[in-house]
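You will see two complexes here that share chain A, one where it goes with chain B and one where it goes with chain C.
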Partner chain A sequence: MNEKLNPFHIAILIHVVQVGVTVFSLPRLCAVYYGTNGWIWIVIIGIAVTANIALIHAAVKMGGGRPLPEMLGLFLPKPVSGILQLAIGCMYALSACLTSKQYVLMFELQSFPATNPYVFRAGIDVLILCLVVIGIYNLGKAATIVFFATIPFPFFYLSLLHDVKLVRYTPFFLKDGGHWVEGFFQVFAAFLGFELCLFLVPYVQRGDTRWFYAVYAGNTFSWFIYLALTVLAFGFSSFGQLKDLLFPLLEMAGHLTLPVVERVDTLMFTFFFLMAVMTATAYFWMATELVTYVFPNIRKGWVAAFLIASTYFVSSIPNELSRVSAWLQLMAKLAIGTSFLLPVLLLIGMLAARALGRVKAP
Partner chain B sequence: MARWVSALFRKNRSGKNDSRGNKGNESVTDGQGRTPEDRRPFFSLVRQQFHDCHDLVHRSYPHLGVDLLYFGHLVGPEELDRDLVRPLETVDPGELDQLLARSQFMRVETFTEAVESILDGQAVLFLRDGKDGVWLAQVSNPPGRSVEETEVEGSITGPHDGFSESAQLNVALIRRRLKSARLKAIRLRVGELSHTDVYVIYIEDIANPAFVEELISRIRDVSIEVLHEAHELVQLIEDHPNSVFPQFYTTERPDITVNKLSQGRIAVVVDGSPTVVTAPASLMEYFNAADDYYMRWISATGLRILRFIAFIITVSFTAFYVSITTFHYELIPRTLLVNLAESRARVPFPPLYEALFMEFTIEMLREAGARLPSKIGQTIGIVGGIVIGQAAVQAGFTSNILIITVASSAIASFVIPSYMMSTSLRLLRFGLILLAGIWGNLGLMLGFGFIIADLSHLTVLKSSYMTPLAPFNLRDWKQLVIRGPYWSLRERTSQSRTRNRIFSKMKR
Partner chain C sequence: MRRAIARLVRRTGNRAGGRRTGSFGRTDGRRLLRLMGRAAAWSLPAVLSLLLSGCGTQADKRVLEELGMVSVMGFDLEKGEASDEKDSNRTTVLFPVINPMAKVEEETLSVASNSNDSRQRLARMTDRKLVFGQLRTVIYSASIAEGGLLDDLDALIRDPTIGTRVKLALSDGNVRKLLAFKHPAIPRVGRYIDLLLEKESIHLFIPQVNLHTFYRDLKDDGIDPIAPFLNPSEQSVRLDGIGLFRDDRLVGRIPADDMPYFVMLYSHFHQGTLTVQLTENEVVTLSALRSDREVRVRRKAGGVPEAEILVKLHGTVVEHFGYERFSTDKKQDELKRRIVRKVEEKCKEQLELMQRLRADCIGIGQHARRLYGYDEWIKLDWREAFAGMDIKVKAELKVKDFGIYQ
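Moving on, here comes the complex of A and B:
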């Protein structure tokens, strides 16, 4: 690969991978888990996510341009690092497959109640395979196109501003909530995708350390969009409605009408397909990178095809939206754990490797 | 005899048609293991080579010991008369050496060179059977079309001349507009039998040398017997031959070619083709027309936006109709819903079949119209208009709204200036219609996903096809996406990777 990812594409890529269908249920999650004015937790969780990214940044800096598997190999025995990579890879692959399955089931709920979702998913998986094999640089280009195709939609919500009632932002903060820890995981899951930055090291300009600020920028943009939409939802719908509606932001979009399109929500959800596919693709790509490093003799295309095919069958076990969501929540918790613990492990390991003299201090 | 023929072919393969420079046949060089007989172009040997070629003309001047060989239809009669026949008829035998020292005569050293010169349309002069020397006279002027207006890329404002089939003429049309010694034209030859001249043209210090080298090396690597056309060459040298999208920009207009060259791109002129190829190209270029640069920038920008909308319409409008009438009635505004339901009520087929039937009809009409003479073509237009306009609706085959949809898609495809791109997009439309008919909006998005995946990994000479969208470059937008005012167009586009980026130094 001659060309390297530039900061603009990294920012877009991180944003596009982060934003998925969870955004539509974000106001409900905030209302259910944090209660009145629960949107305030988006700010707090955003800070936690930024801290997590800073942790990864520190680990990447410590690695001095080494890719993740190489860093692990510096302080872990080969079998241990191999098993760890395979485990993380499998988790990412399953998360990716469940993300696409969640989207398909949600779409089925809306438009195709009688259609078999397995054929849909097979079609989507072929697309994901095509995207994974073109590599991360081209994925960055695809993300840019998807970004430009979907960026108008958040602005559609601005036309609902006149329906926002200030009275719905009650003076009470975080009443009727309760499950803060569970809520933290649920809302944090909406930000997941930033872990991609850990895998981008070999694909950026060597010696350039500023690229990581693009990761912060991409995450901040997603954070801003989440916050703006959730604040809007809290002013548009009552607290009770927010708790009851499965996808409050889709319901809000249902109030939008264009002269040529009656139900903007359907259209918006349709375009979100590309976002969901990009998220799933990025996770499959990360999984492929990890597995390829353990088995360097197998071509990436075959690894990706194997991962996509195998997770297709595993993810067929949960067959309802609620069960898929439950599986996804479990995967999200594992992914959150990984996103915190992996950089910590890398930092400690690299310090140890440096102390043992395996790596030169910069 | 067989040895000469094999020597000739051996040269063609090993030499890879290498003739860089202005002299006609520099490709023939020594030191490649040829036999001494091969190096000496005797008249009898050359004549023997062209046995059974009844169009070869042999003239002899016994008092001078001179024999001439040439193809009568490849030489210009005036040039032949002025430079060769008249001087030879009037010259004294003692003054022949002085005559042959004139600049129109060039010494030929080898047998192969002599044969190739005759094939190129030169006249070859043998002095005493070639024992005292062989010369060629530059009298080539093969028949061909003169400069005419191009039919596929018409323009309202701006120049009307188009390229023709002669590479020499096409290079001349470019040179006439770029009177600079920095405009370089490297001649290559492609085709073991056809020996087609291919010129790689670029402006030195503006075009990226790496692109020039890459293009030349790819053209040299082409190994076919006959090269017919520039589009054929393009498909042999492009990065991704299996993609549906055209990757090298092709044009029949000298003004567009000159514009591309000045932007740091490289042009390829193929003899026998009125099409000139420019590279590297990006998707956005296919939506630019020559007129854009002659109109006022606001009007030109408006037209470009119109073409981008046309792009979306031609690819997805019919598919969207199929999707919403099959699965997503909720998207249709209530006011339109009644009309649509009434219109669809009499149609016995599902929207997918209805749309495919209409699209096939339109495509057949277009294809028939493209091949037929213009007088009969008009009849096709009328028949098509009646068939798809009224009869299909009255017979209950299709709905009125589908007619409008299909017609809009067809018109939108003709708005796109590049015929190659327009053809590709029409093909994509069928794929999207099928997907929309099976899976509705989700299928449509799936189709878009595949298009995005294809576009994202496409490269032209290893540079991104999607520039300036991805890699994102806002400065290029005023050149490629909109048409910025001339005072703002200061730099060349980034895709050409030129070292000399400043395009205009005008201050305002």
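Moving on, here comes the complex of A and C:
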């Protein structure tokens, strides 16, 4: 009955969930926080993300195929682990809702500016609910369709290569930047979504952690796309211009021309809707999983509906794009903290549980 | 087959709770209700999505016939007549009329305002909804550009409906009059201007200039922006030189006849035509011309920068005014040498002009940055260094053929 996730689907799922609207502002973030040739930091942050995934990999390996709440239950009292799961679940749910809201507000910059964003969001949330309810296996299949529908777009940017000039990169490295720690959080946020792998344990072949290499593969692909697009942006636009543009990659897309399509940027951003929906869905799914572990008697569908409905109202508080981005940045910082600290906690806890004899050493 | 039917009947019987299968009982009714409820629950999202998709506001509706799709925007500076009167900006928009019954193909609206509310004022002057998504060209009068374009451009680059591929041009005279240009051969001046700039940027005479390239060069500390001039003549609207900017201020211009030499210094091109006046009575035209530019920079003793620009030309001689035979290699080489000398001389003229104006519009600074450390570059007054530096121009010419007459 429970079909297991295929590593191919896992790789695609991780990539699709990672890529969100932040990608459009990546060159600006690198320019503002790291200065000239700031794209180098994408390489460094990519290594940090891979290290983070390795940490989760180690925790999952040590768990021996146990799902997250079961592992937490081994070394934490039930109320504490319950509260922890609920807190993380709420954070993920709010992040998901803010992601979809950010997309809607960005979409309205280009199209339907006078339409009430609440209407759009309600429509998107209905779609997200349907996707969360179908479960992770079907979500993996949906992600595969989204992946193949959107994968040509990064390659369209290659047609702008003739406008890239080497002298625009400047011979200076990491000069005239801002605070690198803030930049680290902001750029790292573009890679978020990989923590989904921590929740996939019950849905893969038990006792075999080779599926984790698919997570590395998915992340490496996102890393490559981010790096390639950011490097291209630094040669296409001048450094000063990159710092001023809110979404440099969207502006670059405005220069793409296809034989029959004039404004590829609008088309691309509309297609990007699928990516934004997948990201939000994955986060809602993770939140639903966490809440269902705490309240196993409530059906997942109702939990998802409750989470989506409640966060719809909470995320209605910030109205402007800048406010939504500020909220999202806060959520991203919490999510980054969680993605580092949770596997560390699991590792320490599992070692302690093993020392106490609650778990057999492999 | 028979087995499958039997299995289906058995399953139906089981679902009915093993009761009467022939009549419709209470259990069946409940089951039906449950099924209907489930169907309704599943179809609700679909129905909701369909209903929500129609919930756009009236303001977002776009009916093609009701739109005024602005293709050109022009800006003039009008001096106040009285001494205490403020100068006002005149905004002129041009949009095609989509109506087979209309006698004109384009409509022009113009409004003067000393505040920045011209778009609202223009909207009040027409029954159409003015939209800017199809804007192709923006033209500023030279008097506005001399005062600085950044503030005016800000209004355009901030608007997400306006693409950054919108072409940018300048005009010496009144832009309103330019956009009202009438000629039987040019029914739509907006489209004409767009095609003219497009064609000329492909065929050598001007570099491609749009909102993106202008802002990109404005924000780069190693290059200054440029913009082409458009002026009306008796027969048409013509390209009339290239405006040179120092930051966002127009400080000088390259005359129309010298534009190809500027483009050789500015960048490379793939196809073009160049007419070189060798002497008063001798003119030669090169066609299918390709050009590559190479900038070499170094620091002389004392740290002073110097540069050499190598222009490599490759083309065909198609016209030679002033009868001469080019049957021997010697004669051909002699002609090439004379063309090269003239090209170098004309390029040097353009360079000296830019150095005098302290406007590095060909981006020598972009190459010179590598001669300095970051702190040294930031402290350096590049404009002064550019104005005082020794820049040599070296041209090379390869001629494929000298036409079909020897």
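Operating definition for what follows: the second predicted complex is superposed on the first by the 360 of 362 C-alpha atoms of A that agree within 3 Å, B and C clash if a C-alpha of one lies under 4 Å from a C-alpha of the other, contacts with A are read in each partner's own complex, and residues count from 1 in each chain.
Basically, a residue touches a chain if its C-beta (ideal position, glycine included) is under 8 Å from a C-beta of that chain, and two chains touch if they have at least 3 such contacts.
Everything numeric here is computed off the predicted structure, so don't read it as measured data.
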item	value
First, second, both or neither for A:112, with chain B first and chain C second	both
Contacts of A:255 with chain B and chain C, given as first, second, both or neither	second
Contacts of A:305 with chain B and chain C, given as first, second, both or neither	neither
Which superposed partner A:171 touches (first chain B, second chain C, both, neither)	second
Partner chain in contact with A:239 - chain B first, chain C second, else both or neither	second
Touching partner for A:144 - first (chain B), second (chain C), both, neither	first
First (chain B), second (chain C), both or neither touched by A:270	first
First, second, both or neither for A:127, with chain B first and chain C second	both
Touched partner set for A:6, first chain B, second chain C, both or neither	first
Footprint overlap on chain A, comparing chain B with chain C	112, 115, 123, 127, 130, 263
Residues of chain A that touch chain C when the two form their complex	36, 109-110, 112-116, 119, 122-123, 126-127, 129-130, 165, 167-168, 170-172, 175, 237-241, 243-244, 251, 254-255, 263, 265
Residues of chain C touching chain A in the complex	45, 48-49, 52-53, 55-57, 59-60, 133, 160-161, 163-165, 212, 215-222, 363, 366-367, 369-370, 374, 377
Touching residues (chain side chain A, partner chain B) in the complex	2-3, 6, 8-9, 12, 104, 107, 111-112, 115, 120, 123-124, 127, 130-131, 134-135, 138-142, 144-146, 148-149, 257, 259-263, 266-267, 270-271, 273-274, 277
Residues of chain B touching chain A in the complex	327-328, 330-334, 439-446, 448-450, 452-453, 455-457, 462, 464, 466, 469-472
